[in-house]
Each structure stands twice: as structure tokens, then as C-alpha cells.
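What follows is a group of structures, each given as C-alpha cells.
Look for chain A in each of the two complexes below; its partner is chain B in the first and chain C in the second.
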Partner chain A sequence: MPAPPAGVSAADFSAALRKFEAAVGEQWVFKSDEDAALYRDAYSPERDEPTERLASAAVAPINVEQLQQVVRIANEHKIPLYPISTGKNLGYGGSAPILSGSVVVDLKRMNRILSVDAGRCQAVVEPGVSYFDLYRYIQERNLEVWIDTPDPGWGSVVGNALDHGVGYTYGQYRDHFGSHCGMEVVLPNGELMRTGMAALANDASWADYKYGYGPYVAGLFGQANFGIVTKMGFWLLPRPEAYRRGTVSVPKRRDIVKLVEHVNYLENLGLIGMPGFRSPLGFAQAREPELRALVTKPGGPSDEELDRFAESKGLPSWSVELQFYGPEKTIAGSWDYVQQRIGSSIPGARFEEGAVYRFPLTAEQQAQVQRVHRLVDIGVPNMSIFAIAGGRTPQNPDSADGGQFYFAPMIPRTGEAILEANRVLGQAYRDAGLPYNQYFSAPACWHYRAFIMITSLPVSRLDPEINRRSRAAFQQIAKVAAEHGWGEYRSPPFGVDLVAGAYSFNDHALRRFCETLKDAVDPNGIIAAGRGGIWPKHLRGSRA
Partner chain B sequence: MNSGLQVAIALAALGLASAASAQPPANAEGKRVYDYWCLPCHGPGLGLPGFGALPGTQQLQIKYRNTNISPLLEERTDLVPEFVKVIVRQGVSFMPQFRKTEISDAELEALAAYLARNNPSK
Partner chain C sequence: MPNRREFLQTGAVVSAIALNGVLPANGAAIGAQPRVPLRWALYDDRYAEGRSFAAAAGAQGIATRALDGGDITRFWYDELDVLWRREPAAIAGLTQFGPMLVIEQLAAEARMHLTLRGEHRFARLATAVQAPGPSIIHYYTPLAVAHGHGASLDGPLYSWVVAPRERG
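Presenting the complex of A and B:
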């Protein structure tokens, strides 16, 4: 029998576990130490330390009715619950709770795909459905719709959206919370609520219209703890006729400013999917000692010095890969337009034709796609991203260690902001004793109206010192970012208070409002304590 | 000696080679679990551009460099069920452990038996 959560008596805890067993079946309550350990965060930067966030037990309902019973029992005995969908939010907590001792509510068994309507381009799914599951469902029925998938395909469609996760195609789809439409939620008192059109007594358009009537409360259930989401509708892309890729390169360092303006224009008009900014000059560091000397010299290089080096080697300072989805002739026209528009604006801009595909692809063609780029660009879930999750490398072949978490501040979507963020973060990383590619880091463009200057920080299963260093760096750098107006869009569990605390306008009015809501809808504070930096009243004193 | 040849010899020695090839794959449940949970990282095929193999396969290519051990789990001849079970429930390197709501104990037994099926000494 595991130790009860803090503040819960052994009698209450064991009574609750017995009632959970009666509600969901004995085999779906995991209370041995061995079973509870399966809920550890595999990428925890607090592994084997006293602060590691551990589940006391887990309970796995198979339907809404069982879940409602679990929530009511938890209320009766004041048991902290922590819901997970597929539990694959690695780097952001995985399957572990934020508050140690919580009972994890594992929704993996609630894995029904309730509908996919190709004509209306929408789906309604439960939390246990992965991107792989939804993709296979669509392929098996030869439906002419696409999903927008994040890098790891085994994640939950619902869970990813609820953590404001992201993908790769057009902006309105790759914002996964933004592309949801209508949800069903078990509230902290066990009551069932639906949002948007799903709130109608007889809904006919769950996933057609987001707002229904009255306030849009669905936003309260992302990165928060006001209920447990049990169903969500999503908008899907119609399968495009074709895909085209093209790369634009610009010679000078400060050309990034104009390049970003052009790319923003294209994206804001809906002409391109996710752009991929890079610095080809930066990639040359490994093979160019002269460049390495330049970027490590005291005071750093000037823009002119970097430009002279780039010119001498015929290397562009920056490039952007553009993705086009749509009718073959239309996207060929869009690519022509890009070349005219940017070619007439940025001297020395170069344009490289990329791959073109017509859909549907055969399995063989799909395998060929991977020779060129990532399958997620064409809505195919896979696991390839784990190639960069650590582990063995040719340079370090005996490392049986791996994992990471992320520092991911949002910055304005301008070239000036990229240069400024690199300057500031470069110094902050140096101060923290960690490497940062100061002159050549490019933003991620997942959330399409802002840039994310994401970097990964290593975690170790074996060496707590690596974890301590990464945590300290995160704390140090997040503070510097906040001083410059850059807040993170997600957080590892140990960072929730730091990240939420930066959103401090008017003496933390936002957090105080969320706490008022929390006290009203979850007076016993049983749902996901700490998520989104929101704590129930009795735990606020321990906020980091 | 390559691992495929070792298996062929082992099967031939037992007089099972032709019978095995005529039968449906041993342990269909284990194969199903493997295909759903393991194949996306441990199968053949390309990974992220520049890496040449799926992440699990790529890691085992490096681990078993300079040996004749296959980086593909399905081709391994040295796996024993207990080892498979420990790795699945504890994880290793950047591979997380798997919960019982993902792979039940019964499914894990089937998976372990499937991956150990080529081991002549198990």
C-alpha cells in the first residue's frame, strides 16, 4: 500500500481506493509501489531526488460514468487527482502528477473515436486516442481528410490540445487547442458539462461552431485544473491535391528582418503552412574553424564580419523552408509569387525548388518522403523526433542515458526580435554555464502569430548533477526572459510557478482570477493541483 | 555468422524449418502488440532526415556496432522474455516505461514471447 497523499488520512485513502476499485474494477486501480512507479515521469529532471513528483496510485476508468464516480469519491475523501490522457507529454511531466501523492487518473482506456466526418472535416475523440490511432482510422476508411500531428505520434489528440501543443501544417490546424471545437468535461463536483454547440440538449453540430452562446469557457480547460476533459471535437484539413516545398535563402545577417516580414505576409494570407527558419551559416560552424573563432572572440562578431565570412564561403546567412498545400497549379503559382515578391525585395535572395507530392501517396512514395523531410509536414504521425532526444551518438556511443525538457519562450514574430532574443538568451545561457547557439538560433513557428525560441535542456536517469544544472539554468533563463517580456508557452512541472508567476500584470490579476475560479468550482482542490500554476487554497502557501 | 543463418540452422536442427514457414506467424498477439507499440521506433525504415534509421533501431545500431547482433528487435536471436519485460516496464535511455493501461501484463507476456521466439536457448 502506498503512502497517502499529504493531508489525507490513511483511513480516508484506503477507503477511497476501495471505492475506486468498486467503481472501475479492482484490476484498474494501481496501488502497489511497482505499479505506481509506472507513472513516473521518464524525463523528470528531479529523478530520484526528494522533489521528484510521484503518484501515490492510479485509477483507470473506461467511461465517463466511471470517471464521474472517481471524481465524486475523491471529493468525499479529499483525494488529489491528476488526469493524464495518454501520458506521453514527455518534457512536460509525462504521466506523473505535479503534486506528489496525487492519484493519477489514467484516461488511456477511454480511447473511442466517436466520429470522423470527412465532409465536414471534423472528428470527435476521447482522451485515450493517439494521433496514430486517428490517422489509422482515417486511412483504413480512405477518408479524404488529414490530421495535423505533433512530432511524437503516440501522444493524445485531446491531451496535446489541452497542453497547447502544436503541429506543422496551416496555422489554424497546427494550433491544436485552437483547432478544437466543443468539449465534454467532468467538473470537479462530478457533474458532466459540454461547451459550444455540444451544450445544446440535442446537438447537431458539436464540431461545427465553437462558441455556442454566451461566454467561451472551453479555454479554461487547457493548461488548467477546472475539470477533466472527456471528449473533444477537432477540425481536420481536407486532403489537399498536392504539396510543394521551396527554400528561400538570403545573404546578409540583417536580411532576416525583411525575410520574416515577407513570410508573415504569406502566412497571414493563408498561402503557406509552417515556415522553417534556419541559418545555413550557423550549420557551417562544425566545419569552419575560422567561423568558430569569430563567434567565440571577446565581444562577439559584428554583423559585417559575419556577412564577410558568409560571402567568402558563398553561404546564406538565413534560409526559410516554405510549405504549400492545395491544388497543384495554385501552389505552383504561390511559389512563383514568393520568388517575385522576395526576389524583388532582398538583393541576392536565392530560391530552391523542393519536393512536390500529389495525394494520396502510396506506401512506397511515403517511405521515399522520409528521404527528404519529416512526415509530420504531410500529416503523417511517426516517432522520428526521438532521434534528437539524447541517447547514444556516434561521438558518444556508450551513453545509455537520455531525455530532455524545454525552455520555450514566446517572442514577437519579427526578425529584430530573433536577433535581440539571441543576444539576450546567449548571455543568459553563458551565465548559466550552458551552450547556446547565439548567432544562429532560429525560432520555431508552431504557434503561427509568435515565434518560440525553444531550446532543450538535458535530463539524466543516472546523474542528478545534470538535472540540477538544467533546472537551475531554466530558472535563471526564464527570469531573464520575463524581464524582456518573453513568457513560456508550456512548462515542466517544476517550473509551473516560475512560468505562471511571470504573467504578473497588475499584481498577478490573472492568477488571482484563476484562483477565485478554482475556489468556486473545485472547493476541495482535488483536480490537478498546480497545473497552469493554479493551486487550491490549502496549497497556495507552498507555491514556489 | 549472421543471426538469420543461426536461426535457420537452429530450426533445421530441430526439424522445424519447413513446418515453421508453413504456419501462421507464431504468437500473433505478441506480433500485434509489437506492431502497435514497438515498431514505430524499432522497425526498419528511415528516421529523421540525417539519421538513417528509426530512433530505437538507430540506438541499437550504435549499441551493437562491432557485433553481429541485429539492431531490429524482431530479428534478435538472443532476447529472453524477462529482459523484454524489464525494459518495457522500466524504460531505458530516452525510451519511457509503458503502463499497464498501454501494455497489459498479458500483452507483455505475449510481446516478450514474440521477441524471444528466435532464441534457440530460451
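Presenting the complex of A and C:
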């Protein structure tokens, strides 16, 4: 029998577990230490330490009615619950609760695909549906829609969206929460609520129009703890006729400013999908000792020194991979336009034409795509990213046996911000004793119309000192980022208070507002304590 | 071509897994279970040790499956996901850490867990060097791979078995 959560008596805990068993069936309540261990965060940076966040037990309902019973039981006995969809949010907590001792509510058995409408390009799914599941459903029926999938694609469509997860294809589809439409939620009192058009008694357009009428409350259920989502509608991308790729390279360091302006224009107008900024000069560090000497000299290199080196090697300072989705002639015209627009604006800009695909691909073509491309760019879920695990790094030289968590600040969508972030974060990482690709880091553009200056910090299952150093670095660097107005868009569990605390306008008015709502809808504080940095009243004094 | 020590290591793992279907009662084992038939032996064919493992497993009558350049996606999507939806069948493997992690995480959904896990650090890995570069996030593009920041063969291999849990 596991230890009860803090503040819960053994008698209450035992009673609650028996009632959970009566609600969902004894075989779906997981009480042993071995069972609870299945919900450990595989990438926990607190592994085996006293602060590691661990579930006390888990319960797996199969439908909404069972879940409602679980929530009512939890309220009766004041058992903290922590819902997970498929629990694959590695790097941001995985399947482990933020409040140690919580009972995990495993929604994996609630895995129905309720509808996929290819004509209206929408789907409604339950939390246990993974991207692989939805993709398989669509492929088996040859529906002409795409999903936008994260990398890897093993996670939950609902869960990823609720954590503001992101993807790789076109426009707003990459914003997974933003492209949801209508949800159903079990509230902390066990009541069932729907949002948007789904709140109509006889809804006919659940996944067409997201706002319904009145306040848009759906946002309260993303990165928050006001209820447990049991269904979500999503907008899907229509399968395009074709896809093409092109790379633009620019010679000088400060060309990034104009390059970003152009790319922003193209994305804002809907002409391109996700841009992929890189520094070819940065990639050259591994093989160019002269460049390594430049970037490590006291005071660092000037823009002119880097430009001279780049020119001497014939290397561009920056490049961006552009993706185009749509009718073949249209996207060919868009690529022509890109070359004309940027070529007439940035001296020395070069253009490289990439792959062109027409859909649907044959199996052989898809296999070829995988060898030269990222499958996620064309909406195909995969786990290829795990094939690159295995290498030692200077940060984690002892073993490949670990993982990582992410420091993911949002910076302004400008080239100047990229250069500034490189300077500031490079210094912050140095101060924290960790290496950073200081002069050549580029943001990820997973979120539509946003720059995420993301880096990963190593986690080890073997060496707690690596984890301690990574946690300390995160805390230090996050503070520096906040001082510059760069808040994170997601957080690993140990960082939720720090990250939420940066959004401190007007004496933390946002957090105080959320706490007021929390006290009103979840007075016993049973749902996902700590999620989004929102704690129930009885835990606010000291974070448990 | 693996040296004799590496081959013996691989052989020992395979023997432990394949000959008896029973987990070795030593410190490397996680838990203990009665005889468990193995449906597949998964291996990374980029490594000589992986190919040796597959040959030995095959000789024991275990069906083998190679990863796609270290990538577990196709095996998972086409075969393992289909199998585990029907029944919780045990499998074994000799892979890098990533595929083992994937199996471990997906097995948990099917109420299965790692019952054997061994790490193998072969002599050729002792002098690993990687220069600081872009974060792992940016590694995964053809451009990054072309610049030497992609898939790495420099890491330990892991032998493992995943099997159904006995409810306590």
C-alpha cells in the first residue's frame, strides 16, 4: 500500500482507493509501488532525490461517467488528483504529478476518435488518442486531411494541446491549443461542462466555431487546473496537392535582421509554413579550430570578424528553410516570389531549391522522404528523434542514459532579438557554468508567429550532480530571461513557480486572478495542484 | 568486427534472454518473473554487436527485427503497436538508449515494464569527443546531420527485456 498524499489520512486514502475500485473496477486502480513507478517522469531532473515528484497511486477510468465518480470521491476525501492523457510530455514532467503524492488519473483508456470530418477538416477526440492513433485512423480511411504532429508523435492530441504544445506544418495548425475548437470538461465538483458551440444542447458545429457565445473559458483549461478535459475538437489541415522546400542563405551576421523581416512577412501573409532558421557558420565550429578560437577569445568576436571568417570559408552566416504547402503551381510561384523579394533586398543572398512532393506519397516515396527530410513537416508522426539519442556531450559526458528538460523563453520576432538573446543567454549560460552556442543560436518557430529561443538542459539517471547543475542553471537563466522580458511558454514541474512568477505585472495580478478562480471552482484543491503555477489555497503558503 | 570480449558480452545477454526465457538472477535484472516467451528480438543493425545479438537470438528461434537506422518508428507503427493492442507480449532488444526508452514508455501503457536492463560500454566508445554545438533540438534536420550533428553511434548499447507485469 502506498503512502497517502501529505495532509491525507491513511484512513481517508484507503477509503478513497476502495471507492475508486468500485467506480472503475479493481484492476484499474494501481496501488503498488511497482504500479506507481510506471508513472515516474522518465526525464526527471530530480530523479531519486527527496524532491522527485511521485504518484502515490493511479486510477484509469474508461469513460466520462467513471471519471466523474473518481472526481467526486476525490472531493469527498480531499485526494489530490493529477490527470494525464498519455503521459508522454517528456522534458516537461511526463506522467508524474507536480504535487508529489497525487493520484494520477490516467486517461489513456478514454481513447475514442469520436469523429473526423474531412470535408470540414476537423476531428473530435478523447484524451487517450495519440497522434499515431489519429494518423492511423485517417490513413486507413484515406481521408484527405493532415494532422499537425509534434516530434515525437507518441503523445496525446488532447494532452499536447492542453500543454500549449506545438508542431511543424502550416500556420495556426502548429499552435495545437489555438487550433482546438470546443471541449468537454469534468469540473472539480464532478459536473460535466462543454465550451464553445459544444455547449449548445444539440450542437451541430462543435468543431467549426470555437467561441460560442459569452466569455471564452476554454483557455482556462490549458496549462491550468480548473478541470479535466474529456473531449476536444481540432481543426485539421486539408491535404495539400504539393509541398516544396527552399533554403535562403545570407552572408553577413546582421543580415539576420532583414531576413527575419522578410520571413515574418511571408508567414504573416500565409505564403509559407514553419520557417527553420539556422546558422551554417555555427555548424562549422566543430570542424574549424580558427572559428572556435574566435568565439572563445576574451570579449568574443565582433560582427566584422565573424563576417570575415564566413567570407573566407564561403559560408553563409544564417540560413532559413522555408516550406510551402498548396497547389503545385501556387507554391512554385511563391518560391519565385521569395527569391525575387529577398534577392533584391539582401546583397549576396543565395537560394537553394529543395525537395518537391505531390500527395499522396507512395510508401517508397515516404521512405525516401524520411531519409532526407523531417516527416513531421508533412504531418507524419514518428519517433525518429529518439534515434539521435546516444551521444555523449560535454555537459553530460558520463552517459547517454538520461534525457533533458527545456528552457523555452519567448523572444520578440525580430533579428535584433535573436542577436540580443544570443548575447544575453550566452553570458547567462557561462555564468551558470554550462556551454551555449552563443553566437549562432536560432529560435524555433514551432508556434505560429512566435520565436522560441529554446535550449535543452541535460538530465542523468546516474549522476545527481548533473541534475543539480541543470536545475540551478535553469533557475539562474530563467531569471535573466525574465529581466529582459522573455518569459517561458512551458515549464518542467520544478520550475512552475519560477516561470509563472515572471508574469508579475501589477503585483502578480494574473496569478491572483487565477487563484481566485481556483478557490471558487476547486475549493478542496483536488485537481492538478501546481499546474501553471496555480496552487490551491491550503498549499499556497508553502509549496508542497 | 566485435572483439572477443564484446562478443562474449553480447552472447551472455542473449543466452540469458534466449536460452532460458528466464531473467538472470543477478544485479542487472529488474524484478524477476517466471518463464516468459519472447516474441521478438529487436536490434540496431548499425552495430556489429547488434548483428551478433540478432544472429544468436535467431539461432534460438526468436524472430528478429532490425531498427531503421536506429529508428524504432516503423517497427512500432507496423508491428508492435498492433501486437500490444491485442496482447501484452514480451520482447527483447539490444539498442541505443533512445529506442529502449521508447519501448519502456510505450510498454507502460500496456501495463508492461522493463524486467531486464543492461548497459554495455564497448572499448571503442572510450574516446568520445563532441564539440559544443547547437542544442539537440536543432540536430534533427538533414542539414544538421550533414554537418556531423545528427545521429551518433557514440554511445553505450542497452540490452533489455519488456514483459507483462504480475499484478501485486
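Simple rule for what comes next: the second predicted complex is superposed on the first by the 528 of 544 C-alpha atoms of A that agree within 3 Å, B and C clash if a C-alpha of one lies under 4 Å from a C-alpha of the other, contacts with A are read in each partner's own complex, and residues count from 1 in each chain.
Heads up, the rule we're going with is that contacts are C-beta pairs under 8 Å (C-beta built on N, C-alpha and C of every residue); 3 or more make two chains touch, one makes a residue touch a chain.
It should be emphasised that the depicted structure is a prediction, and the values quoted were computed from it without experimental measurement.
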| item | value |
| --- | --- |
| Chain touching more of chain A, residue-wise (chain B, chain C) | C |
| Partner chain(s) touched by A:S441 [first = chain B, second = chain C, both, neither] | second |
| Touching partner for A:W154 - first (chain B), second (chain C), both, neither | both |
| Chain B versus chain C as contact partner of A:S456, first or second or both or neither | second |
| Partner chain(s) touched by A:A42 [first = chain B, second = chain C, both, neither] | both |
| Partner chain in contact with A:G276 - chain B first, chain C second, else both or neither | second |
| Partner chain(s) touched by A:A286 [first = chain B, second = chain C, both, neither] | second |
| Chain A residues contacted in one complex by chain B, in the other by chain C | 35, 37-39, 42, 86-88, 90, 95, 108, 132, 154, 370, 372-374, 382-394, 397, 399-401, 403 |
| Interface residues, chain C side, partner chain A - complex | 31, 67-73, 76-77, 81, 96-99, 101-102, 104-106, 108-109, 111, 113, 119, 128, 130-144, 147-156, 158, 165, 167-168 |
| Residues on chain B engaged by chain A in the complex (per definition of touch) | 40-41, 45-49, 51, 54-56, 58-59, 62-63, 65, 89, 91-102 |
| Residue numbers on chain A that touch chain C, as the complex places them | 27, 32, 34-35, 37-39, 42, 86-88, 90, 95, 108, 132, 136, 151-152, 154, 276, 278-280, 282-287, 292, 319, 321, 370, 372-374, 382-394, 397, 399-401, 403-404, 435-437, 440-442, 444, 454-456 |
| Residue ranges of chain A touching chain B (in the complex, touch as defined) | 28, 30, 35, 37-40, 42-43, 58, 60, 86-88, 90, 94-95, 106, 108-109, 132, 153-154, 367, 370-374, 382-394, 397, 399-403, 461 |
